[in-house]
Amino acid sequence: MTIRFDKLGVVIAAIVSYAAFAAPFATFRANRIVPGEARSILDALPAAAGPLLLAIVVGAALIALLKTPLILRLAASVVALAALALLIGVSGSFLTPEGNTFARISPASGFWLLIFAFTLLLADVLTRLNLSPWARVGVLVVAAAAIGLLLVSGSWNSLSILKEYANRADSFWAEGSKHVTLALGSLAAAVISGLPLGILCHRVEKLRAGVLNVLNIIQTIPSIALFGLLIAPLGWVATHVPGAAALGIRGIGTAPAFVALFLYSLLPVVANTVVGLAGVPRAANDAARGMGMTDRQRLFGVEFPLAFPVILTGIRIVLVQNIGLATIAALIGGGGFGVFVFQGVGQTAMDLVLLGAVPTVAMAFAAAIILDAVIEMTSTRRREAQPA
Amino acid sequence: MKEAGVKAWLPSLLRLVLVVLLIAFVTNPGWFEPLLKPLTENNAPAIYNQGSLLTLTLLHLRTVLIATVAATIVAVALAILVTRPAGVEFLPLSRSLVNIGQTFPPVAVLALAVPAVGFGEKPTLIALFLYGLLPIFENALTGLTTLPANVVEAARGAGMTGWQRLVKIELPLSAPIILGGIRLSVVISLATATIGSTVAARTLGEVIIAGLLSNNLAFVLQGGLIVAALAVLIYDGLSAIERYTARRMGQETA
Amino acid sequence: MIEIEGITKRYDATTVVDDVSMLIEPRTIAVIVGTSGSGKTTLLRMINRLVEPTSGVIRLDGADNRSLPGYQLRRSIGYAIQGHGLFPHRTVAQNIGTVPVLLGWEAARIKRRVDELMTLYQLDPQAFGPRYPHELSGGQQQRVGVARALAAEPNVLLMDEPFGALDPIIRNKAQEDLLAIQKRFGTTIILVTHDMEEAVHMGDKIAVMDAGKLVQYAKPAEILAKPASAFVETLVGASEKPFRLLSLGRVRDAVETGAAEGEAIPDDASQRDALAELLWSGRPALPVKGADGRPLGRVTVDGLVKRAARPA
């Protein structure tokens, strides 16, 4: 029997051998600001756990390196990721001196590279398994539940990012809900006004180029500038329009951020509505008209359902983009996870940056997976309905 | 007929006016002070006074240029790799990675790059590079995998080696689509580079942030407008090149 | 001379080409006919090694076609395909010059050759050379495709359904052009088609393929007269046989002595065209004229009907 190597496995094995043996696994700092000291896997874990983790990652890397069945590769990546997730927590409590509340333990480059390598393996397996949309959402839910469980169980509590969290638990959830409100609220507003605008642009050709050009130009204004520019008009509204201030409209804060995100969201929604409606087969439209449908019946019965997957794609773009852009709202006092990111940058406290960045990335990632699944479900249903 | 003539060259005229205004503004911002003065309060300066707008504009463009060139080289090389027989195993994975990569917000990339390379231009370059990779890679992949089959077949049949096919046929044919990716990438980078000033990169974001901190709307407006004008002009320029290369091949452009 | 010996191509469990042997004489046209999936295109592509055979040998003028690297072999063999496959980003002249450039010819020699081929194909080099393929009509594109295949003066030209995408009138013209050029350069042509009409018209010999096997390889008249199997019979088309047989012969070979009324038919027209004209005009006989307009005699319905009967 000849031994055959997997090409991706070679890459993974190379990363793993560097990360496990040459890179630091965790960083120890006497307090939040001082530079850290690197600790290898064997130094960072209790006597038995260190060799165990080494054995697991080396074994998993070997499975990745050779041509092995998909199910084995799946098991290897999941076991390795789980071991890393559990043991980084163990390392946190192991390295923290008894009763010391200033010391900070954070995962170091070796840990992140190992996570990257095995996520790569997992992503490759999942891609090759060609999962159905429901199964993909299922994987996401399982992964989220596992991470949630680790957080609740407190096994990560001795890690620096959670120490930052512990100091700010209340504001974390407050900023989090502001972040979600900003991202989802502006999306909802953009859909409510963007859909009719898109339909109008589709029906009235004269409007199309003008509207799309204006929306295109708005997209080129850098986000921090647009946030800033909206401060003045909204401030004027707050002081001059009765009742506006009572609704929470102010020159700085959430209102300009909300309006800016709304403006950025309009282009993908309107453009995809126009593209989707334009892509409706002429034959379907002709048939509908031939059967005596009114314009309204045709819109809701034929055009809109056929254009739906394309419109959803626009909504996916907006949602992922808004979750990211909402971090910038913090610069003008709009709140959101960006608060931690910019505070962290200001204090050169990277754990604080992570406290803001990690949930943002996680939300954007989850939103992308869920909406991709929905898009695939709606468009396959349509494909089945059409004769081959 | 006369009306159609006006319509045809009006966009070019507008572009020309925009170029002239932009150059005038960054070289002689003092001329425009009366326009911006009403936006300031308490007699604050109307024109950014902590550095030259021209220098900042050039630095901004330089940052975007370096990041885009690097991203183009790497993205196109990767796309070529995964479309060759030796790298085809990586194709599905690379598509997934591109999809995942696009969900990373630029601010997060920027902030996370700081501990690795420190403050200044470097983290900005890294964020712009990583974020710029994705549209170019995606378009290059689309271009290289949707070549007309009979043209590639004819190239093989004519006795071209793999390298000759790539250089003489595949890359020129996918050039308009790859250019489209570069255009998207540049526009995103122009706007994202402003955020780089939150980690002390010297870009036009400095002007905007100074405006936000001192509550000076004139600063915010001038910084924002220069970036937007640059984006519109570069977008238009690249679109024109794209249309030219595509039209030569008889392809329709979107 | 092309010798194909025991050529087989298997993809996993399916055999696409199954132990095919045939011999193609120099300066002739061999047409490979078959339904889609019969393996005819794969067989053709194994000659210039776009597909590598699983087993068997192909020799070109005595030399194994594996004695050179594939790309060098392909530069010495012309190749024209359906839908022409012109490079859309290169001008007509650059397209035609592709292989000469690959072979490293001098610029002046390339230009001479390109101009010669374009003139031959009734495309003005000044007007059409600098244009891009999409600016040409379908028929012009097809001619450029064949000109490109012939550019490096190959002894062998492989053609895969070269006329498949053309409308009937242009196709006829393209076929006549190809026959004329084949005579002029003496190129050995192997042409793949699913159209029996085209096969009978163009081929010195016809190879019929079915399910990867070579079912019959013979002169057109023999294929029509003695189909080797029911499949060949179906492909020929029972009701078309007499007319296909007539289309093989020229009027000059059916001339009888005597005179007839009406417009004369040229002696190089096909016998099938002559019969059609006779039936349509309801006359028993047509006068025949030579290329110089001199009367040669006549053709009759009776005479042609005898020729359309199954050969002994």
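For reference, chains read A, B and C in written order, and residue numbers begin at 1 within each chain.
Throughout what follows, a residue touches a chain if its C-beta (ideal position, glycine included) is under 8 Å from a C-beta of that chain, and two chains touch if they have at least 3 such contacts.
As the structure is a prediction and not an experimental result, all values here were calculated from the model.
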Number of steps on the shortest touching-chain route linking chain A and chain C: 2
Chain closest to the middle, measuring from C-alpha centroids that were averaged per chain: B
Identity of the chain that, by mean CA position, is farthest from chain C: A
Distance between the centres, which are taken as Cα means, of chain C and chain A, whole angstrom: 60
Separation of chain B from chain C, taking each centre as the mean of its C-alpha atoms, in whole Å: 52
Length of the line joining the C-alpha centres of chain A and chain B, rounded to whole Å: 23
Numbers and ranges of chain B residues touching at least 2 other chains: none
Contacting residues of chain C [partner chain B, same complex]: 48, 50, 71-76, 79, 81-89, 98-99, 102, 132-135, 145, 148, 158
Residues of chain A defined as touching chain B within the complex: 6-8, 120, 123-124, 126-128, 217, 219-229, 231-232, 320, 323-325, 327-328, 331-332, 338, 341-342, 344-345, 348, 350, 353-354, 356-357, 360-361, 364-365, 367-368, 372
Complex interface listing, chain B residues touching chain A: 39, 87, 89-90, 92-93, 95-97, 99-100, 102-108, 111-112, 114-115, 187, 190-192, 194-195, 198-199, 204-205, 208-209, 211-212, 217, 220-221, 223-225, 227-228, 231-232, 235
Complex contacts: residues of chain B adjacent to chain C: 148, 150-151, 153-161, 164, 169, 172-173, 175, 245, 248-251
